[in-house]
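What follows is a set of structures to go through.
What follows is chain A paired twice: with chain B in the first complex and chain C in the second.
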Partner chain A sequence: MNTEILTLALYALAGTLLASLLALIPALHVYNIAGIFILLAVSAQQFIGGNELAMLLLGMIVGYAMLNTVSAIFLGAPDDSTIFIVLPGQKYLLMSRGYEAAVLTGIGGLGGIAILIVLSPIAATIFGALRAIVLPHLHWILAVIITYMLMAEWPKGGDRGATGLARLWDAWKGLGAGILTFVLSGLLGIVLMYASPVPTDRAFQNLLPAFVGLFAVPWVMDNVLSGAQIPTQHIAKTFDAPPSMIARGVFSGALGGLFAAFFPVVTGGVGGYLAGHATAQRDDRVFIISQGTSKFLYYVGAFWLFFLPTARIVKGGMSGMLATIYTPTGPDLYYVSVGLIAVCGVLSFLLLLAYSRAAVWLVQKVNYRYISLATLFLLVGLVYFFTGLGGLAVMLVAIPIGWLPVLWGSRRMNCLGVLLVPITLNLAGLGPTVAQWLGLI
Partner chain B sequence: MKGISHFITGVAVGTFFPDAVRAAADGSFILALGGIGGLLPDTIDFKFARFLEEPDILIDPHPEQFEAQKIADEIAAGIDRVGATRKKQILKCNTMRLGPDWWQQYSLKFDTKQNAVVVKLGPIVNTSQLPLPESERVWPEGRAPIHTPLLPTYGEFVTVDIFSGPSFALEWRNDRVEIDFIPWHRQYSHSIFMALLFGLICGALFFLLGSSLYVTAGLIGAFAVLAHVLEDQLGYLGSNLLWPLTKVRSTGMKLIHAGDAIPNFFTVGTCCMLIIYNLDRFSPQPLIDPLVYWGVLWLPFPLALLYFLLRKFRADALQRVPLLAQQEGDLVAETQEVVDA
Partner chain C sequence: MILAVAGVLILVWVAGGTATPLAKIGDIGATMNYAYVRLNGTVTRGPIYDPDAQSIRFYVADDTGEIQAGAFRDVTQELLAAGKIPTVGDKITMEGTLRVRDDFTSFNLASADKAQIIPPAATEIEIAAIGYDDEYHSVIVRGDVRDVRQPYQGLSLITLGDASGEVDVAISGDMEKLYGAAPSFVLGDGVQVQGVVTYFRDTPQIVLRRPGDFQKLDVANSAATIIPIGSIDAARVNQRVQIQGYVTRVTKFSQGVRVTVADDSGALTLVLWQDLLDQIPNARELQDGAQLQALGQVAQYRGELELVPQRASDVKISAAVAQQNATALPNPAASDATAAPTVTPRPTREPTPAPAQRAIGALTAADQDAWVVLNGVITRANTFSQGMRYTLDDTTGKITLLIWADVLEKIAFRDQLKPGAQVRVTGKIDVFNDALEIIPANGSAVELVAAAQTSPSATRAIGSIAASDVDQLVAVKGTITDLADFSKGKYVTLQDDSGKIQITAFSSVLETVKDQLALGATLTARGKVNLFRGKLEIVADELAVE
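Up next, the complex of A and B:
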């Protein structure tokens, strides 16, 4: 057994090291590579067993969840889960504190590990019962989340105007842009679900071009056009967050991350945002820590649920793909996976410190506009490599939608309509009807 | 209370209707009505009412020609005018935008002890209200005496910086001028009338859509709005509960401030637990043991609330702040929450 655990640990650590390299490439999602690994594993079953593959992927997702912060903060290229980190992260970067922001997300991630360890003995009971209760209700719960997202966006103008109606129009321009962003990204999501131009043999990369277009490209282009200058960065020896602040951030992020890990389509960013509201957090540092925890639990927690004895829950891209060829068995493997999450998480945190220093060096040595331009070319190249011309077409449609919030100062979170709308409709059994209205089927 | 607390309370209210829960399990979105109703009163105020208010005194300063004394004089003259004419005036302070992410902050204070208005220039801040280092200029403060007695009000500086600035109703009451912060908030939108109206709209909508649940839909809508209104009564400032019969906002129960973290967390946590409990209770095969669920799992929430209330009452006993000041402070905090969101 010990040799077996050691072997599994080596696979997990290898996964973390691999993911640590992948996480540095903006917009390259761990799921893009994991999908390829799983396809390869099917044809090479004599070389790698199911448990080994599962632990390799576990190590990858832990590494990715901890380290994708680096490209979000230093390169300004977020994805659906780091979209909430990039704003305070870039703010910190402009205040010479980019390294500190990255470390704070890492501390949040370490907090997430602690939460998983504490919950591991009781998780099967809690999540098993919870799943049975909410399973028939997922569609309206998602609709409620959408309603809150849209209703809780408040006007950011309206001071100027000779009449009440003129002021109302001024105020509603941004809100209208937010709703339009949500509707358009939702329509894009429905199109991608029912008539995607991405080739079917690359279907598991279906959302990559949409995410790159909605989240990463607008931000990077904004950095290119605005010619943002990055001030000299300070590598702090300590972090400016007392234990009580860390506890508040981890607690809030844990609520959001576990919610996101459990509920379909809710991303770590949205979960963290809801939990931040619920726990009335205002401080930037608490917010960054909570997003670190939430993002970590969103990715790793969802995969951890896959190993729960008696209540195996398939949620998230990684377990969704793995479940097609593998079923974990027994509590032993579950506790091994919890232990390896901790080991890989600590390794990832150490790598985060090193990579953040390297990123600080990069943004100080190279003009940030060139970095942003290189990132932009990389994004376009990756989309073409993984999804071909069809994917590029999707990305070109997604970019103007992703630009709407930038131009009108509305929330970028509204771009998540690309996921929320089609899934909510499908869960309510309305997806095919709407697709038919749109002439997609 | 914070927006999410009101929203989730509305959703929780909906889950008390068994037919709505069963319909929801079969694909209906009826329970989302509760959330909409829960946030509706603040939506009306912060997305509509505030922009339709017509100011009588408009402070619209220029960042390069900021005259603190002139602004203070103008506001003091407005207060004196109310004292002389007994006629209500709306004072609106506009923000000063410098660029896409930069704002020139200024602040004002109603000094009720010395009967004066104080205005001063602040730093340049970004949209997250973080000051630009070394941006605070040495600038003369404006101070204008008020010749009319004032009722006690929020005594700290109110900052005017990002997005839309605050407004104040200057009104003659009890032989003094009352400075009512954010006068467009918690009026008709936070009344029993609004609860009835929204209930009727929801019921009518479901009736027109051919749903047999129109009565339930109406009740969910009405109770969700009512829950918001009642939750607001827990604070220092209640609302204009009986509008259109009454014209002023009532005093609340003074238990919490709108932005207090623990009461908001208690509300969200308890409502989430209520929702899950009700979904289970009205399912064909309930799984939850009420004793364990409420007796063990829920326990941290009331304990946290108890701790909060004990600390609060102890702090209140040591520090006596006039009620009106607490009420206006609550309004400032609530507006700030909307800005932060």
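Up next, the complex of A and C:
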């Protein structure tokens, strides 16, 4: 058994190290690379054992959840979970405190590890019961979340224009762009669910081109086009956050992260956003810490729930992919996974410190446009590899939608309509009806 | 903004003009999770209807594989409202979303509109002609109701017989939940059934699709037509016929009796196996001169034709016309039957000496028919259709302890007759297939000297059972998540907070809990850990349902 655990630990650590390399490539999502492993496992059943593959992916997601902060803050390439870190993170970056922001996010991640460890003995009971309670009500809860997301932008501006029309335009342009982004993303999501151009034998990566188009490409292109200058960064020796502030941040982030990890469709960004509003944290440092916790719990927590004995909850891209070929069994593996989350999480935090320093050097030495261009080619290549020409078409449709928030200053979170709209409609039993109205089925 | 709107509109337009891709069930793999596809196939099982969850599940097969399909909530309502309930035998084309899991793949029907169902056309057929070619085809058969049983809650099996053979008609509780109960009937009623042929362990059965497909006939079925005995020749072998005549001879053999039945046209041997004979209430009247009516299958044994009834109700005996010189049939099992008293002289029992205690190793074939007492430990227990066979070991040798079902029922401690138990048995030695066996005549002939070592009383977490526990006795407690039959018992999947494991329960162990086993029930199982086809299982010695 000890040898077996050691082997699993080696796979997990290898996964973390692999993810740490991927984290250096802005906008490259861990699910894209995990998809390659899943494809390998499907096509060559014996290339790796089920538990070993699970731990490799566990290490990867832990590493990614901690280290994607680097690309989000220093390279301005967020995914759906880091979109809220970018603004305060880049604010810190422009104040020469990017390194400090990265460390604060990492501390939030360490808080997330502590939360998982504390919850691990009772998680099966809690989440099993919660799932039973929540399942029949998913559709209206999601509808409420969507409504709140859209309404929470109100009011926005509208009091400084010279004329009534100018004020109306000022008030509505951002809101209107947000709503339009949400509607268009939702339509895109419905198309992907019922008549996806992605080949059916690659349906497990159906959302990849949409996410790349909505989140990754617009930011990369924005970086290429804007050519922003980054001031010299200061490597702080201490971080300016007392324990009470850390506790507040971790608590707030844990609420959002666990909500996102557990609740279907809700992503880390949405979870963190809701928790931030619920706990009304105003300090940037608390916010950054909470987003670090939320992001970590969203990614790692969702995967951790997959190992829960009896309650095995399949939530999130990683467990969704892995569940198609693997079923974890027994409490031993669960506790091994909890232990390895802690080990890989601490290793990732140490790597985060080093990588953040490297990123500080990188953004000052290497032309950021070249990095972004290389990333763009890599993303397009990945989309084509996984989803073919159909996927590229979806990505091309998604890019202008992803551009809307950039151009109109609305929330990028509205792009999550690609998930929220079709799933909510489906849970309400209306998905096929709407798809029929659109002539899709 | 224009690009975004135009892009989405073009995508919707293009996607709307594209046909939903057709998938082969056998090609569905992990990378097709959440794919929206079209499937063509035949409904092979179902519908399985859950009114609480508002779900309808059914299985669909094409030439490459089988998949479970389901409709939920609104789609279920739509299907019910439209009367489009996929039922076994239907050809179906459907669209929906695949859901792939490591251990299970399923298909969620998108809407009632996306299911095109073509019911099967029925053809009339004789029961004996039903074969593999008819699988999932609709047939119409006529016959009379010969038996009714309920293997478990939610399934009724009606045995239907015509002149050619018998077949089970399966009526599922789900069908009755959806459409109401099947018409009432009594044994012997002539009925017409339209249903779909499916196979259960290589045996054909007809699955009723709608209650209205089961119709009671006004006249008795053709199988009830009585034919002259003289008309039965080799051409009728394997056919079912009904005869009527009088008994001219009754001969006992080791496993039953042979009865010669004659009418004006000829004579025929009727074979009544002991288990069937035991179930005939007035079997004692089976004697020379008795009137007899029998329905059975014609067989040929050593060149002679004989008729073999398959159930007790197939044999109707009227009191003997001539009772002089009658040879009464020795039938202890029927001795308490409430038959009318007859003047038939009963054989008097010869006084027998008290059986002597013997060592098993000292017994030989020469001891056949001797009454002996054996003391030994049960090392194996196997069920068979008419009782139990145990292996008894007294260190000098082993012998089969055969206890007929009627005797077993009278043994109060029968649940404790399991490997490890020490027993003292008084019985008659017999030789069967060159092996010795001891057969106790009644329940009191079996005494429990020492009970088997009990399995551990403390239950273990299922997830803690590992390969190192193989051959160890363990006890586990959990919820039943799956039940499956096999030829000698049931496979029960038990799950607790730590994991799940298969419990293999043989019929002898199931006896005490068979009516309580149900999905969701809490079960405690004690038994030995075994490794079967690479998976751990527990072979149960004891089961207890809470």
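One rule holds in what follows: the second predicted complex is superposed on the first by the 399 of 441 C-alpha atoms of A that agree within 3 Å, B and C clash if a C-alpha of one lies under 4 Å from a C-alpha of the other, contacts with A are read in each partner's own complex, and residues count from 1 in each chain.
Rule of thumb we're sticking to: a residue touches a chain if its C-beta (ideal position, glycine included) is under 8 Å from a C-beta of that chain, and two chains touch if they have at least 3 such contacts.
Since the model is a prediction, treat every value here as computed from it, not as a measurement.
**Q** Name the contact category of A:429: first (chain B only), second (chain C only), both, or neither.
**A** So A:429 meets both chain B and chain C here.
**Q** Now for A:31: first (chain B), second (chain C), both, or neither, which partner does it touch?
**A** Touch partners of A:31: none, neither chain B nor chain C.
**Q** In the overlay, answer first, second, both or neither for which of chain B and chain C A:184 touches.
**A** So A:184 only meets chain C here.
**Q** With the two structures laid over each other on chain A, which partner does A:323 touch: chain B (first), chain C (second), both, or neither?
**A** second
**Q** If you count the residues of chain A that each partner touches, which comes out higher, chain B or chain C?
**A** Looking at chain B versus chain C, the one contacting more residues of chain A is C.
**Q** Just checking: does A:394 make contact with chain B only, chain C only, both, or neither of them? Give me first, second, both or neither.
**A** Once the two structures are laid over each other on A, A:394 reaches chain C alone.
**Q** If we overlay the two complexes on their shared chain A, which of chain B and chain C does A:137 touch? Say first, second, both or neither.
**A** The first partner, chain B, only.
**Q** Where does A:274 make contact in the superposed view: on chain B (first), on chain C (second), on both, or on neither?
**A** Touch partner of A:274: chain B, not chain C.
**Q** After overlaying the two complexes on chain A, where does the chain B footprint on chain A coincide with the chain C footprint?
**A** Residues common to the chain A contacts of chain C and of chain B are 429, listed in rising order.
**Q** Report the residues of chain A in contact with chain B in the complex, numbered from low to high.
**A** 88, 91, 129-130, 132-134, 136-137, 139-140, 143-144, 147-148, 151-161, 164, 167-168, 170-172, 175, 274, 277-282, 284, 409, 428-430
**Q** Chain A touches which residues of chain C in the complex?
**A** Residues 1, 3-5, 7-8, 10-12, 14-16, 18, 20-21, 23, 27, 29-37, 73-75, 95, 97-98, 100-103, 110-111, 113-114, 461, 463-464, 495-500 of chain C touch chain A in their complex.
**Q** Touching chain A in the complex: which residues of chain B?
**A** Residue list for chain B touching chain A: 2-5, 7-8, 11, 24-32, 35-36, 39, 43, 46-48, 50-54, 94-95, 100, 126, 128, 130, 163-165, 259-261, 264-265, 268-269, 276, 279-280, 283, 287-288, 338-341.
**Q** For the complex, give me every residue of chain A touching chain C.
**A** 38-39, 42, 124-125, 177, 180-181, 184, 187-188, 191, 193-197, 200-206, 309-310, 314, 320-321, 323-327, 329-332, 393-394, 396-397, 400-401, 403-404, 407-408, 429, 431-433, 435-436, 438-441
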